[in-house]
Each structure stands twice: as structure tokens, then as C-alpha cells.
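Below, each structure is written out as C-alpha cells.
Two complexes, one shared chain (chain A), two partners (chain B, chain C).
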Partner chain A sequence: MTAMLTRPGDAVRAERDSFSQLLHAEWTKFRTVRGWVIGMIVGGLLIIAVNLIPGGQCGGMQANGQPGPGGPGCALTLGPTGQAVTDSFYFVHQPMGPTGNITVRVTSLTGSYSPGSSPGQRAASALQPWSKAGIIIKASTRPGSAYAAMMVTGSHGVRMQWDYTRDTPGLGGAVSETAPRWLRLTRAGDTITGYDSADGAHWTRVGIATLPRLSAAVQAGLFAASPGSSNVTSQSASGSSASGESTQATAAFDRVALRRMSPGSRWRGTSIGTGPNPGNQPRGGGYRQSGGTLTVTGSGDIAPKLPGGDGGTAGSVADTEAGTFAGLIAVLVVATMFITAEFRRGLIRVTLTASPRRGRVLAAKVIVLGAVTFLVGLPAAYIALLTGERKQHAGGISTYPVPALTEARLIVGTAALLAVAAVLALGIGAALRRGAAAVTAVIAVIVLPYFFAGPLSVLPAGAAEWLLRLTPAAGFSIQQAYPRYLQLDASYTPGNGYFPLAPWAGFAVLCLWAALALGLAGYLLRRRDA
Partner chain B sequence: MTQAPPAQRACPAETSRPRRTSMRDALHAEWTKARTLPGNGWLHLAAIALTVVVSAAVAAAVRCPSGHCAEDPAKISLTGIYLGQAVIAIVAVLAVSSEYSTGMIRVTLAAMPRRATMLAAKAAVLTGPVLVAGAVAVLGSVLAGRLILPGHGIGPAHGYPDLSLASGPVLRAAVGSVLYLTLIALLSLGIAAAVRDGAAAIGIVLGLLYLFPILGQMVGSGTWHRHLEQLAPMTAGLAIQATTGLHSLPISPWAGLGVLAGWTAAALLTGVILLGLRDA
Partner chain C sequence: MLDATIEVNGLRKRFGPTVALDGMTFTVLPGQVTGFVGPNGAGKSTTMRVILGLDAADEGAALVGGRPYQTLHRPLTHVGSLLDAAALQPSRSARNHLLWLAHSQGLNASRVDAVIEQAGLHSAARRKAGGYSLGMRQRLGIAAALLGDPPVLMMDEPFNGMDPEGIIWMRGFLRSLATQGRAVLVSSHLMSELQDMADHLVIVGRGKVIADTSTRELLAAASGDRVMLRTSSVPEATAVLARAGAIVAADGDGTLTVSGLAAEKVVSLLGAEAVPFSEVSAHHATLEQAYLELTRDAAEFRAADADAGAGPPGPAGHGGTPASGPSAVSAQEIAR
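After this line comes the complex of A and B, so read on.
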């Protein structure tokens, strides 16, 4: 000590050394408490172990009477960008070359319940908000192929949509005899431009779609589709209370004008996507031609497909990380004890004697705990993803594909969620100093809001969403794997893996809470006697 | 520990009058400890307040404009139990773990060497106040539901059963919820006796309670989901709160409470066995 004091040049180095020594001291404390190391490992294993619980099955019976995984109904239709899509509608089409255009006037769009569908609690009108009919240019009649379409919809006005996920609004208002809608699609190579008009004279460009590597010969024509009705029977946030019924949309087209079609071709009607996929698929459709009017009836939808919309024939990639909750509780207990045990044993007095600057002690604890938790969480989340997907595939369930970046965010985000939650627990533990109370408080602010918003299904959706915006449970947003689409009415509930905040925004809320807890802990640690 | 016996042996008057520490003494000792800890009363009050506030908040948030929602008024007005039980669990865990953290347990066991009796006394002393706190919390919650719910489309005017303790199912839900809280307290006591550390014990208790429903929703489907709901201490135990749609429940109300009682018995048994085997 005297040597250091006599050489002022060493003061800076000593300062720096003391923090690395502090880190080393905290790491030694963590490493040498057997229960904490075991707790962390158990936390990591729990994240993976939840995937050992048998999940759902998809597929019919095998020849020997045993249920066999897989089957035609379990496969997902994939769109041009590799994501799962619904592609079923009635298509009245002709071949089209590399350039050309198609123009129609739509005079009506009506809805009806599909024949043979069981009448449940029916809404007044069978026309769904996203019932759609219009003109479409599609690479082929294969489900999932690239397309661009101009359409009138049940209650969202004129839209231009392409490649399942893209959606641009055009003219507003409903279509009728007195307020018809003119639609036009123009193809030039890979580029398809959509126009709309209220009078057939003044045209407005709605959008430009680029469909990469679109083949020279495509199909162009008229279409109609109507998704199943969703009669929400309960206002609770659980997604299971909605019952659907198959509907049909019928649209009347006249003034159909085609340019640069193959010579001598006639209209052909095809029901797209009604292959061997029983259950959630529409029953046909059709078209009628009288005079200059074409009437097309169709059912189904042309849209992205998301988890939770069907009877569990495909799984969400977020479900593979369901074990996060189990692992989180173990991690929170260890994180709380990392500070409360010092108070309980009186070790804190030794710690603070060795390093009187209390803020730095807290900082060292945060760094050691955060790093350890992150490094345990990362491989656990990765293995959980692999085992979870393997479990789904073993049950014949295909996993809704996600981009590689989303997968990476899911893994890194889960580890980061654990680490920041551990830091929050450390802060609350330092403030409360009592292990049992601190653990309860942390679980009450992180796990309980999710529980109230999701599985409990007592709260109305609005209140449940506010819980997931304001509390530390917002951090679970980082595990949302699939985006919401305006053009798809689905049950976007926490139970189905949808959070009210964007992934990183929700994570930021958790970080904010952790920072607040640390601030409070630092303040109290300085103010109080140890 | 080893120094104490010679002092007793040195006093012949004591040995000639062997006064066995009875259950009454143990109860008295435990009651004194519980009574004189200031935090205990506050925790009971917190459990009551949290239960009533959360119940009232949920009742205020639920809307049923159409009057045809599949809601259970008793279940809604008792939602606060989901949070209140966590505080009750703290009370129970601290009853054991605080003795270990301060070293008091060695004094306790020196005075009352029969460890099972000590734990039984602790359980008895814990049960009384929890029963009282639970009853107050449940009555407050039901009252809040009775006042708030009819204004939100869930009341007798809309064809829902009246939220009155005179009706059988509502009484079962109310009494059952008080029993549920008591069983949770005993479950926590058993786990705390087995684990000894407060933070770890409360982590195990809350994990046992909250994890099952969350996992059930995310991974289970079909039969597995149902089995999880039948076996999980919280979902099974709180089946007692159901007053409508009893046929669609995964487990019947009293059988559900029985499942929780089984968990509690197992936890207490584990606690007693480990307490007897280990050094304090």
C-alpha cells in the first residue's frame, strides 16, 4: 500500500486494476458457490428440457392402426420468399406473354356462407372485411407461386397486393352498382403496375410490384376469394374462443379488356389450392359468363399464413423457446441470491471493506452476472430451437419458416432476455436485501404479467396488451417470431406469440426496468449501512 | 450444541423432574415467534390488499357488452388469488427460512428436539392467520366483484348467477379459495423445510405454481394439455373457483383441490424427512 501511495504514476493503473480485481472477486464468489453454478446449469437445461414434453401430432393413421406423423394436410404452402402462405381462390384465367395488360370494371362484391358449412353464430353479413375479388397476374396455377393483384375488398377499399406479404391501399369505399371500381394491371417483364379508377377515364397508379424472375408465360385473369369468418365469442385474450366458418365471395365484372394475350385463348376456370388438403380449404367456386358480364365466386384467401390459425397442423418457431419461463425462474433465484446471500451471511461487510466504492461493487456484480447468464442462455436457446423443431417434425408438424435473421434474434434475444432479467433481479435483490421477498417481487413483475395476459385468459385483450407494454414482461416481445399483417385477420394474441410492442422495443422496456432497479439499488446501497 | 447437555446434567433437580417439551409448548413457542416478527403482519395485510386490488381491477377491466360472454363471475372476482398466493407463499417460506438464515433454527431445535413436532407446530401456527387473511381477502374480492361486475354486463340482469355466498357454487368457490390459500401456505412450508434457503424455496414454489399453465399453453396439446391441467397444483387447485361450465373443466372442483392437497402432503413429508435426516 505504501509503495503505491509513494508513486503517483501508479494511481491510475491501480484504479484500473482494482476494477478488474473486483470483477475477479465477484467471479470467484459466483464460481465457488456450488448451488449457484448448479442453479445456472439447471436453468439452461430447463430451457431445453421443456421440449421433451410430447407435443401435438399431425397426420392420419398408418396402415397398422398407429397414428403416423406427416401427411398431405400437414405440409405448408410456401410463397416465393420462402414464407408460409395461404393460396386458395377461384381463378378465371388466360395465358399472358412478357408484356400486356388487363382492365376490368367491378360492379359488385357480395358474400355468402359456403354450402354445407355448419351454421354457427353467424354475423349479419357473410362478406368478410378481407373478402377480395379483382384481377391477378400469377406466375402459374401452382399454389404459392408469385403474383400481383388489384382487388376490391369487403371493407378495406381497393388494394394492390403482391407476393402474399405486400399490400398497398388504393381508392377507399365499398364497391357497388352506383360506385363501380375500375382496376388495371400492366405487365412489363418482371414489373407489374397496378392502377385504379372510379370512372374508367382518370387512372391513378396504386403500386409497382417487382416479381423477380417471372417467367415469360404467366396466367392473367379474374379471381375471387373469401377467408373463413371469425365470430369472436369471447373478448378474452386467449385465441381459442373464435370459431370460424367457411365463406364465399361473389364479384361481377364487366368491360373486361385484355391486351397481348395469346391469340385464340378462352377463359378457363381453376380452383387454386383445393388439392388434397381437407378441413380448412374451400369447396370450389365457379364463374358464369353472360353478355359482357363475368361473375366469379370463390372461397379461400391469398395471404400470409401464421401460426394459431389452424388446428395445429404447423408449429411456431417461438414455441421451441417455451422453456424460457422455466429457465428464467431458476436464473432469477440465482441472480437474487448473488446479492442477498452477501447480506444474509454478512459477507457484504467484507466486500465493502475491500472495495469501499459501492457503485463499483454493484457494477462488477452486474457484469459478472450478466455475462454468465448470457453465456449460459445462448447455447441453451440454440439447442432448444434445434430440439423443438426436431420434436415438431417428429410429430409430422412442419415449422412455419422464419428468415435466418429472425432465428438469430430469437436465440440471442432469449439469452439477452435472461441476462437483463437477471440484472433486474440483482437490482431488486440489492434493494430489498431479503431473498424470498426479492425473488417473489421479480417473478411477480416478469412472469406474472405474461401469465395474466396469456394463459389466464380472464383479462380483455386491451388490458392484457397494456400489461405487456408497461411491465418488464414486455421483454418477451423479443421472442415474437412472426410479423403482423394488416391484410390478415388473425388472432394476434400473446397466447399465439404476438406482443403489442415490436421485439426490440419490448426488450428496451425490460432494459429500462433493469436500469431503474439498478439505480435504486445503487442509491440504497450508498445510503444504507451494510 | 455439544456444550449444552453438561449444564443440564449438573442440575439434578431438573433430571428428577423430566419435563417433556409438549406440542403445546412448541405451539406456544412458534406462535410467539410468528407474533413478534413485525414483517409477518404486514405480509398478511399485503396478501389481503393485493388479492382484493387485483380482483377489483380485473373485474373493472372485464367488459361484456353483448351479455353473452362465457365468463364465470365468481372466477373473475377471485382473480386476485393468483397474485395473493405469492405473498402467502412468502409468509410460509420465511417461517422456516428466516430461522436458517439467522441461525435461530439451532436454538429452536435445541429447545424442541423432535423435529416433526416442531414442523407440525409451525404448520398449525401458520394455518390460523392464513385462514383469517384468506377469508378477509376472499370476502373483499367477492364483494368487489358483486359491486363492479353487474355494471359491466355480468350480473343477474344479464342472466348470470348472483354473486352471493348464499348460492352453493359461489360459496364453494369462496370457501375453496380460502382452503386453496392455506394449502399453498403448507406446500410452501414443506418446500422451505426441504430446501432451507428462502430464495430457492420461493423460486420452486412459484415455479411449481405458474410454470405449468404457461407451458401447458405453449407446448401441450390435446391429451397432454389436459393432463398438465389435471396435475398442476395451481390449475387443479383453482378448479374450485369454477361456478359455471363444470362439465368442460379438466378436473372437478373438489378433486382439483384434492390434487393440490396431494402436492402439499408430498412437500410436507419431504420437508419432515429431510429435516430429520440433516444437521440444522
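After this line comes the complex of A and C, so read on.
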């Protein structure tokens, strides 16, 4: 009736066979309870369903109730690598050939509120930390074109920046008459090198920018820009927002020296990025030349553009997965029931009679549940991304572009978040053995912290961030779509889709919790009488 | 079938202050039905759970076919068990319940269909098990136990909730499994359920074995050499038989119970003295009576039994106050 195992190879094969039999049994268990299968599918649909509710419009509604056309203000300016950028500043420029350089001395940088800006609650100084002025070599005056720049800033010293996302520090300290800053950019084909100096004699290389396929004829010159003040930050149900006033920066340049510029060229002043973007229009930009001194005044910013605090003219790709928490609730209920139903009916005894090694039973359940959840989550997250973007575009809202890899991480990460959270629920269910208690506990540790700290934003920022660091809700970090930039003062809050931990680090916190819960469950399952 | 044994050796287990098993020791042999009898709380279910590796004993060991249950590969092909017929996912069909069990042992759906047929569940197999009556759940439990065609079968109270027809079916079914050479252990708190089915009896109380005997021996011992006599001349018959050394008890209504003399001797004595009688018969004890006989001295044991609401009916209930509780009597007293 039973063959005795004699050779060690047979024993190993038998072990492997018995585990695959166990997986087969757990899969059969899962698929033969219709409620669980339906629950999983409902979970997937809930993730998508949020995107089927009509959303906001860009450009408002027309009188007839039809959505207004996505006006020019709804369009995004894209940088050379395809990301959304802010590119508005005052540019005093001349043409430059394939080689050449430009050197200036900056003796002051001051700030003021833009004319016509409403006098509200104002800070003592209008100069913003990232108000910036200096020299720039730019492919063209078209917003979003490639550039490299050396600049002095409000409170971040000398920087070299290029192509919106790249930023390297140079000399520290603020610029003044007594502490002027010398800046130099040298172009050799696609390569632009930035230098700074405190005295015009001793130069330090700050950085080397490579601007791929830079055209032979570029524009080079002086610039000034100042982002809006962000002295009021509020948290509301729609996320935190920074409301501020438009500011402008004024810088004084002298000892302007240009090499190998086109002969006979004269300075031209252009307000970049004012036409198609009225919301971010720099006001009162211009330049003045007297003697050897050029004074340039400008508003706006040359920086990456990120979701949040812009009045919803463009959408975050992460918003397309906003239904994840709703789907997660359904998934967590099914995941918990997958084990607690066995305890409730005493079925666990039948299971353990069929497979006496308890750790392996738990492992088989984890693998089956994790795989099922992942495979439901994957298409759900993908469809949510498509439907979410279509919803934004239907409202004339552009989606802040992300690299393909980020999209892939968003989809795979959402599925993985669901799967690992389900495994956590299974572990908690196995430890507590009661369905209602386990479902309550697991929702309390993952869905609630996320919901209150994230979309609802009802917690103080500090508390919210700690919750999203320490609780399993940290796993939602995997859905962050956009990086933070030091050179951009934005509202990096959970409500705007920024978590305190990096995507995979936050996911690792969730995995750690799941591992802890499983370890406890395995220990208790082995120790307790069934 | 060399694998077809269950050996239980010195099992001890406490649940907090309660002693559940107190040196439980017995062996179940192949080819016969072994009845595992005792009042509720005597440790029958706990013993079965320990045999299946579900509960850990504090001391002692249980072996199936000479091996601990946890070390069995594809255990359902070694031991089929039915502990709790209600241990089901109500929304799963009976067939699917058997199917996952089959898959866990590397068996396929054809085996599932075979045991469904054997257990007489064919018409209901695709219905949700949650809608089953207790009797049907017992049949499903039997089907699950048979899935691996095991040499050892273990059933905890399989008659619970079964209608008379089902009980007759179950008895015949378990007997036929034993006839095939399997070891069959069946627990019950009612001796009468095991009548005409169990070849061997392990009678337990308070976590240990009171008697481990074949059914035939137990009945013979309980029946003794008593003779039932019906006569119109009660005083004469009593005098004659008492002179011959018998103990005679009057049951009233012209009936006497005679102990100490065989039936033939009674007939010849009464014939010699010309005492009229209408009927003489040797007394045959039922299992129920044998059980009571065995535990006659432990009055408090029976009282506690009656207290649990599951004791044998009739004279068992008369002994002492029913409030004596589980700690009032020592296990040694019961064993005697």
C-alpha cells in the first residue's frame, strides 16, 4: 500500500513532489470558493473603477456644460529628455557658434515682488532661496530647449545646472559687492564646461555638461529668474498646496567678456516662456545697460516641473493608481479569510492531517495567495494606468511624463504591493485565527495610515511621514512616480505623492512586516495544538 | 498489512489544570473494528488528535504503522481519519473538498469520484457542503478518510447525527473495511452504537484505559452464570435453589434471577423437587450492561458521567449526588 523510500534521491524527489502537491491543493482550495475568486476580481476592478468616475477639467467648463478645450495653459513644456519642465526667465542673449566662451562678474542679486502681485502675507525678503541669475548657453529661445548655465542663487551659492534636472554646487555663500562671483561657461561642440572664481584669477571647474546633438548655432548670454514665493503652505482634502506670490530677481553683471561670438552682434532681450504659459508669466522682466554694467531682471524658473500646487493643469501618473487602496481592502479581506476560515470551521485540522509539516502548509498558502494576488494586480494596475491617463486627457489634462521604466515599476510595484500586503494579511490571520479581528488589524496597519497620511492629508506632516516610514503603509512608496529635486522647492508631501522613503525602500519596509508576521504565524502554528 | 496498527503508549497531556490524558495506552490491530468508548471528556478525541500529530502530548508516544504521524509521506495513504464532520468550508462543494484533499496527496479526480460513490454521496457531491445535514457530512467525512485507500481508519463519533438507516449503513461499512484487513478505530460515548460491530473494545475514563478487551470476553464476564426463572411457586423455588447454594433474587411478577448455578442444574433441581416453572433462560448481557457492570463500583464516576448528560441511562444515575465533579474521584478507583 505504501512503498518504502530507500534511496536518498527518492527522498529528495518525494519532498519536492509533496510540496508541489501542497501547492496544487492550496490552489484548488482557493479557486473552489467562489466568494474568494469574486473578491479578488472585485479588488482588481476597484483599482480601475476610480478612473471611470469623470475627473477634473483643465480650462474649466463651457457654458453648455461641455468641457472646455484644453487651452495652451493646460499643455506641459517638455525638456530635452521628455520630462515636464518650467522654462521661463529673462534672457539677454547673442548667437554663439560651435565653440566659444562667456565670462561675467556678478556683484549683486536682489529680489522683489512682481508689480501687480497682490500684497499679502509677505516675507521680509522677496529673494527666494532658488532665485537665480548668471550666464547660460541655450540651444534656442524655445521653452524646453537644452541649456547649460552657471549662476548665483538666493541661498544656495554658485551652481552649475543643465538640462533642468542636473545641478552641481560651486562656491558657497551669497553674492555681494564685496564678495562678487566670477562665472564662466566654455562651449566645445556638445560639451559645455562651467567654472567659478572669487577673484577672476583663480578658477575652479564646477561641472561638465554634455548636451547631445546641440546645434552649431546657439544662444548665449545672461539671465535672471525667480520662482514664486511659497510662504503659505496649507493642507487640505485635495492635498497640500503652496500658494505664493510671483517674485522677480535682479542681478548686476560687469566685466562681461565673450570669445568667438558672432562679430557685430548686439544684446537682445527675450522673455522666455511667457507666450503659451500665462499662469507662469514673468512680469516686468528686462535689462538695462550702463557703462560696463548690465542689470537683468527676470521672473520664473528654469527647473523640472512636478505635480502638486499648480491648480491641476496636469496630472500625476501616480494618480492613475489612486484606486489601489480600495482594491487592497477587498484583497486583504480575501487574503485573511483564506486562512481564518480554516480556523473557524476546524478545517485547519483536516489540512494539517493531510500535510503534517505546518511550516510547509503556511509556505504553500503564501505562494498561492501571493501569486494569485500578483497576477490579478498586474493587469488591474496596467488597465488603471491606461484608463487613468485617458481620464486625464479627456479632461484636457496632460499627464506629467515619466520614463518607461517608471511606468513599469508603477504597474509591477502596485501588483507587488497588493501581493505582499495579502501575505501580511495571511500572516496576521494565521496568528490571530479570527477573521474579523485579523481583517480589522490588517486594515488598521496598512490602509488607514496610508489613507490618513496620503490622500486625506489630515495628519501633521511630521506624523504622516513617520507613519509612512514605519507602518506597512510604507509599501505605497512604490507608487511614487517623480523624483525630488534639490533645486526645486516644491511641496514634497505624501498628499502630493511624495513619500519619506524611496520607492523600493518603502516596499522593503512592507516586505519586512510581512516577513515578521509570517515568522510569528509559523512559530505559533507549529507551537499551538491545532 | 504490516502498516495497519495504531500504538498508543503512555500518553499524558494537561490543558491547564485539567488532566486530559493520564497514561493512555492501547494498541489497535488490523482486521477488526476496535471500539473506543468512554463518556464525553474521557480523552478519546484528544487521543485521536495526538495520534494525528495535531496536538502534542506532554509525555508518551503514538505510532501509526510503527512511525510517528508527522514522518509519514502522503499521510492520507497511511491513515484515514474523521475527527469532525463539520470541518468544512461551507461554500465549497463536497466534490471540491475531496478534490483539494486528493491533490494534497498526489491523487487525482478519479479517486475522488470513487470515494463519492463508496460513501453514497453521488447525487449531492456537487452541492455546497454547507447545506449538508450532519448525516451527509459524516458520509463526506468517510469519503475523505477513504481517499488514500489507507490501511488504518480512525473515526471520532461517526454515528453522530445519523438516521437509523445511516447507522446501519455505517456499521456494515466499517465492518467491511475491517474484513478487508484494515485496522478500524471508532470512538463513541454510547456503548449501544458499537453493539454488533466492534470486535474489540478500549474503554476509557478520565484519560486512561479502564478495560482493553475483546467484545466477546466482556459480554461473557458481564453475563456471568445468571439464569432467569419464571415460576408460579416463588417461595418453593427460592428455597430449593438456595439450598443448592445459589443466590436467588426475586424480581417480582413471578420472576427470579438465579446466580451461581448453570441453567441445566436449575432445571434438574426444580424437576427433582417437582417445583413448577414456565421458563428458564440463561441471561445475556448487552454491551450497555457490561459497561455498567465494569464501572459499577465507581459510583461517583457514573454520577459525573450523568452530570455530563451523556451517561448510560437507567440505574447508572442513582449513585450519589450528581455534583461530585471531575476531581472527586481518583483514576485508580475508576480503573478498579
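Criterion: the second predicted complex is superposed on the first by the 497 of 530 C-alpha atoms of A that agree within 3 Å, B and C clash if a C-alpha of one lies under 4 Å from a C-alpha of the other, contacts with A are read in each partner's own complex, and residues count from 1 in each chain.
Everything below uses one rule, namely that a contact is a pair of C-beta atoms (placed from the backbone, for glycine too) under 8 Å apart; a residue touches a chain by one contact, two chains touch by 3 or more.
No experiment lies behind these values; they were computed from the predicted model shown.
Novice: Judging by the criteria at the top, classify the pair chain B and chain C on chain A as clash or fit.
Specialist: In the superposition, chain B and chain C stay clear of each other.
Novice: When the two structures are overlaid on chain A, which partner does A:L405 contact: first (chain B), second (chain C), both, or neither?
Specialist: neither
Novice: Output check: A:P356 vs chain B and chain C. Expected answer is one of first, second, both, neither. What do you get?
Specialist: Only chain C; A:P356 stays clear of chain B.
Novice: By the touch definition at the top of the document, which applies to A:A444: first (chain B), second (chain C), both, or neither?
Specialist: Once the two structures are laid over each other on A, A:A444 reaches chain B alone.
Novice: After lining up the shared chain so the two structures overlap, which partner does A:L347 touch, if you call chain B first and chain C second: first, second, both or neither?
Specialist: In the superposed model, A:L347 contacts chain C only, not chain B.
Novice: Where does A:N51 make contact in the superposed view: on chain B (first), on chain C (second), on both, or on neither?
Specialist: After superposing on A, A:N51 lies in contact with chain B but is clear of chain C.
Novice: Go through the superposed model and pick first if A:A216 touches only chain B, second if only chain C, both, or neither.
Specialist: It touches nothing on chain B or chain C.
Novice: State whether A:G35 touches chain B only (first), chain C only (second), both chains, or neither.
Specialist: Once the two structures are laid over each other on A, A:G35 reaches both partners.
Novice: Using the touch definition from the top, say if A:S18 reaches chain B (first), chain C (second), both or neither.
Specialist: second
Novice: On chain A, which partner touches more residues: chain B or chain C?
Specialist: Ranking chain B and chain C by residues of chain A touched puts B first.
Novice: Applying the touch criterion given at the start, work out whether A:A530 contacts chain B, chain C, both or neither, answering first, second, both or neither.
Specialist: Second partner only, chain C.
Novice: In whole Å, how close do chain B and chain C get at the C-alpha level once superposed?
Specialist: Across the overlay, chain B reaches chain C at a minimum of 10 Å between C-alpha atoms.
Novice: What part of chain A is shared between its chain B contacts and its chain C contacts?
Specialist: Correct list for chain A: 35.
Novice: Mind pulling up the chain A residues that touch chain B in the complex?
Specialist: Counting only chain A, the residues touching chain B are 35, 39, 50-51, 53-56, 233-236, 241, 312, 319, 322-323, 325-326, 329-330, 332-333, 336-337, 340, 344, 434-440, 443-444, 447-448, 450-452, 454-456, 458-460, 462-463, 495.
Novice: Name, in rising order, each residue of chain A that touches chain C in their complex.
Specialist: Touch list, chain A to chain C: 1-2, 5, 14, 17-18, 21-22, 24-26, 28-29, 32-35, 341-342, 345-347, 349-357, 529-530.
Novice: Spell out the residues on chain B that touch chain A in their complex, using ranges where they run on.
Specialist: 58, 61-64, 68-71, 75-76, 79, 82-83, 86-87, 89-90, 93-94, 97, 101, 197-203, 206-207, 210-211, 213-222, 224
Novice: Any idea which chain C residues touch chain A in the complex?
Specialist: Residues 1, 3, 49, 52-56, 69-70, 72-78, 81, 83-84, 86-93, 96-97, 99-101, 103-106, 144, 149-151 of chain C touch chain A in their complex.
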